[in-house]
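Two complexes follow with chain A in common, the first pairing it with chain B and the second with chain C.
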Partner chain A sequence: MSTDNTPPDSTDRMPASADPAQAAQKSSRRDFLKAGGMLSLSSLMGTAALMAQTDEAKATVEWAEHFQKNYRLMTDDEKNEARIRLERRHSAEYGKKVTVDTSAAQPGVLMGYALNIRKCIGCRRCVKACVEENNQSRGTRPGERIEWIQVLRMERGEFSQEKMNQGYPEGLGIQVGGNAYTPAGQVLEGQYHYTPEAVPEKDATYMPIACMQCEKPPCVKVCPVRTTYREADGPVVIDYNWCIGCRMCMSACPYWARRMNVAKPVLPKDEMNPVTHYLGNRPRMRGVVEKCHWCLQRTRQGRYPACVEVCPVGARKFGNLLDPESEVSLILARKNVFRLKAELNTFPKFFYFYD
Partner chain B sequence: MNRNLSRTLILALFCNVAVSVFAQEAGKQEAKETVCFESRKGASEITKREIKPGLPNIKCSATTDAVLWYGDPYEGTVPMSKVPLLDKIPEGNAVVKPRTEKLSLVPTCTLACHNGVTPAGFPKHKKPVPIPTMEAMVPEVKDFQHGRGRIWCLDCHHPTKRNLLVDHFGDPVSFDQPQLLCGKCHGDKLRDWRDGIHGKRIGEFASTGKKRWFVCTECHNPHNVQNGAHQRGFTQLQPEAPPQLPFGMKDAKHEKQHPIHH
Partner chain C sequence: MRLISFANDYVRYVLRGSTKFYAWMGFLSVLIVGMMYVFYLQNTEGLIVTGMTSQIHDGLYFANLVFLVGVAAGAVTIVFPAYVYHHDGMHKVTVLGEMLAITAVIMVMMFVFAHMGRPDRLWHMIPPWGIYSFSAMLGWDVLVLNGYLFLNIACGFYYLWAKYTGTKVNNRIFMPLVYISIVWALSIHTVTAFLISTMPSRPMWFHSMMPIRFITTAFAAGPALIILIFLIIRKNTKFWIEDSAINLLSTIVSWCLGLAIFLTMSEIVVELYARTEHANGLYYLMFGLHGLTSLVPWFWSSMALMLTSFVLFLIPSVRTNYKRLPILCVMAFTGIWIEKGMGLIVPGFVPTPIGEVTEYYPTFVEWLMTAGIWAFGFFILTILLKGAIGILQGEISYGSSQAASAE
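What follows is the complex of A and B.
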């Protein structure tokens, strides 16, 4: 164990090994660090007091959080301790009873999502519902407003005879109609900031995108601290306490799904959703990455995600892929389905369909 | 004499409607409640309240008055009647929100005009003719498009019982179960709706879980569903605010520039 020789203050954010075989070794190192901490208790209390000068209880909590393991390596007792710690801290901070769920994936459940792109009218209600549910930052200054779902407005193409010989795809637009030698024309790339009086507009289609919950997620491959991983029932989740904010996952994600808390998150007390999950919508800190997790705090309890419930046209569908009678299974069996950027072999669990 | 009588009747009807509308508005102002619409404006609404301290039943959009979040998905619902060919859902796990009591014109129409008797001057054949009284009360009937002129009011509405619909066998259908009527023509959509592919449900996602089903008319307005200004069968509505612009960007005009003019 070569890492034992390094001083404690430089190893507090060392990458945890996700390999179960190395778990024992890892925990022994943590025990060593804890033992060292107990020995030099007086100096540590001094450090803790420096870290948070307000009160001793808060400092102890932060100290304990600082030394907790990666969520996947925690025992059930340690998870419970972390849950109680978080519940106490958030309840005090937001002035209401906050629950932090730590329920694990249930056998026989594999979550899947389907979206009817013919139905979507681009009203952005899913975007706002997601913010209400998942405790995103909602300030006004740059970087303080975070939304996980993006709705792309796309121009509709045209296949008229007059336009057959016009335009050549050399700009940023998307070629529509014709072939590589005689394209029919171009439409705009997706627009994020469209603000019409009323939607749906006549010449537009809308395409909402969020985390695709890939089966082979590129973000998980690149994470240097292995804090983001795929749960057994589908969603790719993040243990926010282990995130170092390096943003490797953000550049690896081909679907622009991940967001960074560059500023301290702004979350008003009365708007905070007190029903949270440890890997889901518990309040985040500055400097960590977050993303859609299919409302784990709801779906682990059997509820639909918030965006599904709020869609006014019923374009969003959610269900258990292992249940042949579920909505998503029936869609996969009956409708025309595609996955975004399927050529990247990420195998998303998010399907687009049309009828 | 007869004409005079009918004129006075129409006048009385208008007064009645106007009074009831004013009464409703006054009631709303007194309570000062937050009332938000669910799927489309004018179909179904929910009043905001607290279930538990700090947990509201709904959260509303400040810009559009639309429901954005459900704390209690089953509020104000009743068990749905049996759906044909669907016996997998346990009893009571499919619920709908009753709509009959929300229909503002039904009390007036059922009692004053169509009180179980066929009105005088009722056409013998089912040929669409404009009815001025109805057009005055329900403005969207003027540009009625459903069926493109081939069907009219009495193909769906019961001739003598105004709080009921009627299918094309003449059997009455409740306003709470419009799928039994709509599905007579739109059978493919009824099948998809039965299986959860078409339409909206909220509640538990398991296929046998308790869900609130949204019925046809909660999302579609059957009178002007084909309007040219409307798209995909839905009434146009105001969108929510766009995302935050990236740091340093003044506007999003670059998104609208065509790279190549054509």
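What follows is the complex of A and C.
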């Protein structure tokens, strides 16, 4: 991923230049004092560090970051200050020009996603593309590798003729007065760690899942600090700087869409994607929760999410639900569509369909 | 002025003690230092040093948190008989119950700190700097817990203050606070139950029986611990706790333990009769799932402990024998600690909402942190109880200190 990917119109929309070098110049003493206005101590340290331009600058930026407000309550000025702080810190940390987009939801847009389960071949290119696009942790210790998409591999033979006559899996209770066959053994519902020679496999079907971007998200309701919320154009996002890591949202999510950064995310400099969004794929810190946000850094600029772009069979569709002519709207109107776990009344904007 | 001498006398009295006292406090301090080290480790390395994962992300800390809220609420089993039924034996020791409640709530808060991914950001929950969310059960839990802490500090120390200065307790202020704290005790455990029972994504927890089950287990484990503490106080101090108080507490433990076992049985019947996928968590706990069985011994040992202690509690000759009673109390306490802790929290995450079955093994870091927080709890409990007993015994009072300073 190179910086050339920045869409040409993004600079027009953004209030200030995305160039961190310029940003550093623009961020004058007065601006910085305003940014750290909550605590005069942090502001003073910030000023000192800006003048000194040493390694301490990074520490000071983090210090100021620590006392910033919840993103939703920031004024435009404060958002801009936060953006500049992040751009400076990340540019220094990853040794390249990192941009942090803060563009907001556009009126008349409600993002929607549709996935053709009949077409999915289980190649998991979406999983890989997602990790690369969204700066997930890719360490090797348990819990250090984070993937937002799971492609569940389902055994096709589960409903085969032989199995139909074998009873139900072990451990599912005793059925008196019904069948009393020898149990067939428990079958996993779906496996997302699989290493086939080639895809699609003959004996498998695939069910990709990720955050469903619910209309009524249980995760948002349980958040004690309101750091996770639904954006006006649909996606449920997280202000990583405000998250306290209580993990209530992870318990509440019925789709297992949320991940915890149990350590500082492992993100090699050369693999880091420098085109980021504040509520999206900017590098996360230790101890916070993260999840799919439909590639806000792309979709707010009129592009497709990485998983949609990479899908080799066109199983993934994305568009504006408020536009009756969009691909997603047409699918909802014409195909056989269902939502996952619809009985929980979460009203996902992620739909499954088949031809 | 009197306040300064109160603090002064209190601290001086508490610091003085026998070798046994210093050895006990020293032992606890070692564990506390260990806890501080692993807390540092957790907040530099991250939660990766614990056994928690994105699959099972609440573990030993959350389990202890839930359990200790119950212990805090359990203090009401002293306050309620004392002020509503005017039980004389209980009335004498109410303050001790309040001291236990204060300790338990402080321990809960320490477990919250241990549990958080970013404890440095907890101020985000506190207005005006942070945001208070009325829709989040965790927000409500923090609110009721802090309220309970305040009520118990107010009631407990106001009473001690009155004893110290020799003034009369102003019942027009004191009694309303006591009655509020009784109801409030129920609220802390109800809200904690709602914390986990309001999430349909976790079918193991998603039932309306949770609050009453929490309260019955709390009113069994809480008094069981209180009995133990009372027996230790009787043995080691000059403060005499009436038999009637201890007997009433052991009756309460018997009743509530019976109810708790009944509710567990009901859950097992309801879940395993139909044996839907939603019973997978309970099935994992009782028998294991896909060959993963790490919680099975926990569950059955907890059942054995609870059932045996319940049967023994029912026998009056055992219940009133103060040599045997501590054993029963330890059994009931441990049984509930397992059932409500590891046995309730962990299977909620097995299998995950997408059907993944994983196991959770607490690491050494988690065990040390847990031991350290319990040690810290006993540390402050020792101080609080010692001070309270000193005042109740009349060993510290306003007049005596004046005389002492005059000498």
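Basically, the second predicted complex is superposed on the first by the 269 of 355 C-alpha atoms of A that agree within 3 Å, B and C clash if a C-alpha of one lies under 4 Å from a C-alpha of the other, contacts with A are read in each partner's own complex, and residues count from 1 in each chain.
Going forward, a contact is a pair of C-beta atoms (placed from the backbone, for glycine too) under 8 Å apart; a residue touches a chain by one contact, two chains touch by 3 or more.
Computed from a predicted structure; not experimentally measured.
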{"item": "Side-by-side fit of chain B and chain C on chain A, or clash", "value": "fit"}
{"item": "Touching partner for A:216 - first (chain B), second (chain C), both, neither", "value": "neither"}
{"item": "If touched residues of chain A are counted for chain B and for chain C, the larger one", "value": "B"}
{"item": "Chain B versus chain C as contact partner of A:142, first or second or both or neither", "value": "both"}
{"item": "Partner chain in contact with A:150 - chain B first, chain C second, else both or neither", "value": "both"}
{"item": "Partner chain(s) touched by A:118 [first = chain B, second = chain C, both, neither]", "value": "first"}
{"item": "Partner chain in contact with A:286 - chain B first, chain C second, else both or neither", "value": "second"}
{"item": "Partner chain in contact with A:304 - chain B first, chain C second, else both or neither", "value": "first"}
{"item": "Smallest separation of CA atoms, chain C relative to chain B, angstrom", "value": "6"}
{"item": "Where chain A meets both chain C and chain B, residue numbers", "value": "142-144, 150, 171-173, 186, 188-189, 192"}
{"item": "Complex interface listing, chain B residues touching chain A", "value": "38-40, 53-55, 59, 61, 66-70, 73, 88, 192, 195-209, 214, 219, 231-232, 234, 236-245, 247, 252, 255-256, 258-260, 262"}
{"item": "Chain B partner contacts - residues on chain A that touch it in the complex", "value": "96-97, 118-119, 121-125, 127-129, 132-133, 142-145, 147, 150, 163, 166-168, 170-173, 185-186, 188-189, 191-202, 274-275, 299, 302-304, 306, 308-314, 317-320, 323, 325-327, 330-331, 334-335, 355"}
{"item": "Chain C to chain A touching residues, read off their complex", "value": "43, 45-48, 50, 52-55, 57-58, 115-122, 124-125, 129-131, 133, 135-139, 142, 195-196, 198-202, 272-275, 283, 287, 289-290, 348-349, 351-356"}
{"item": "In the complex with chain C, residue positions of chain A that touch it", "value": "38, 66, 70, 73, 141-144, 146, 150, 152, 171-173, 186, 188-190, 192, 209, 218, 221-227, 242-248, 250-256, 258-264, 286-289, 344"}
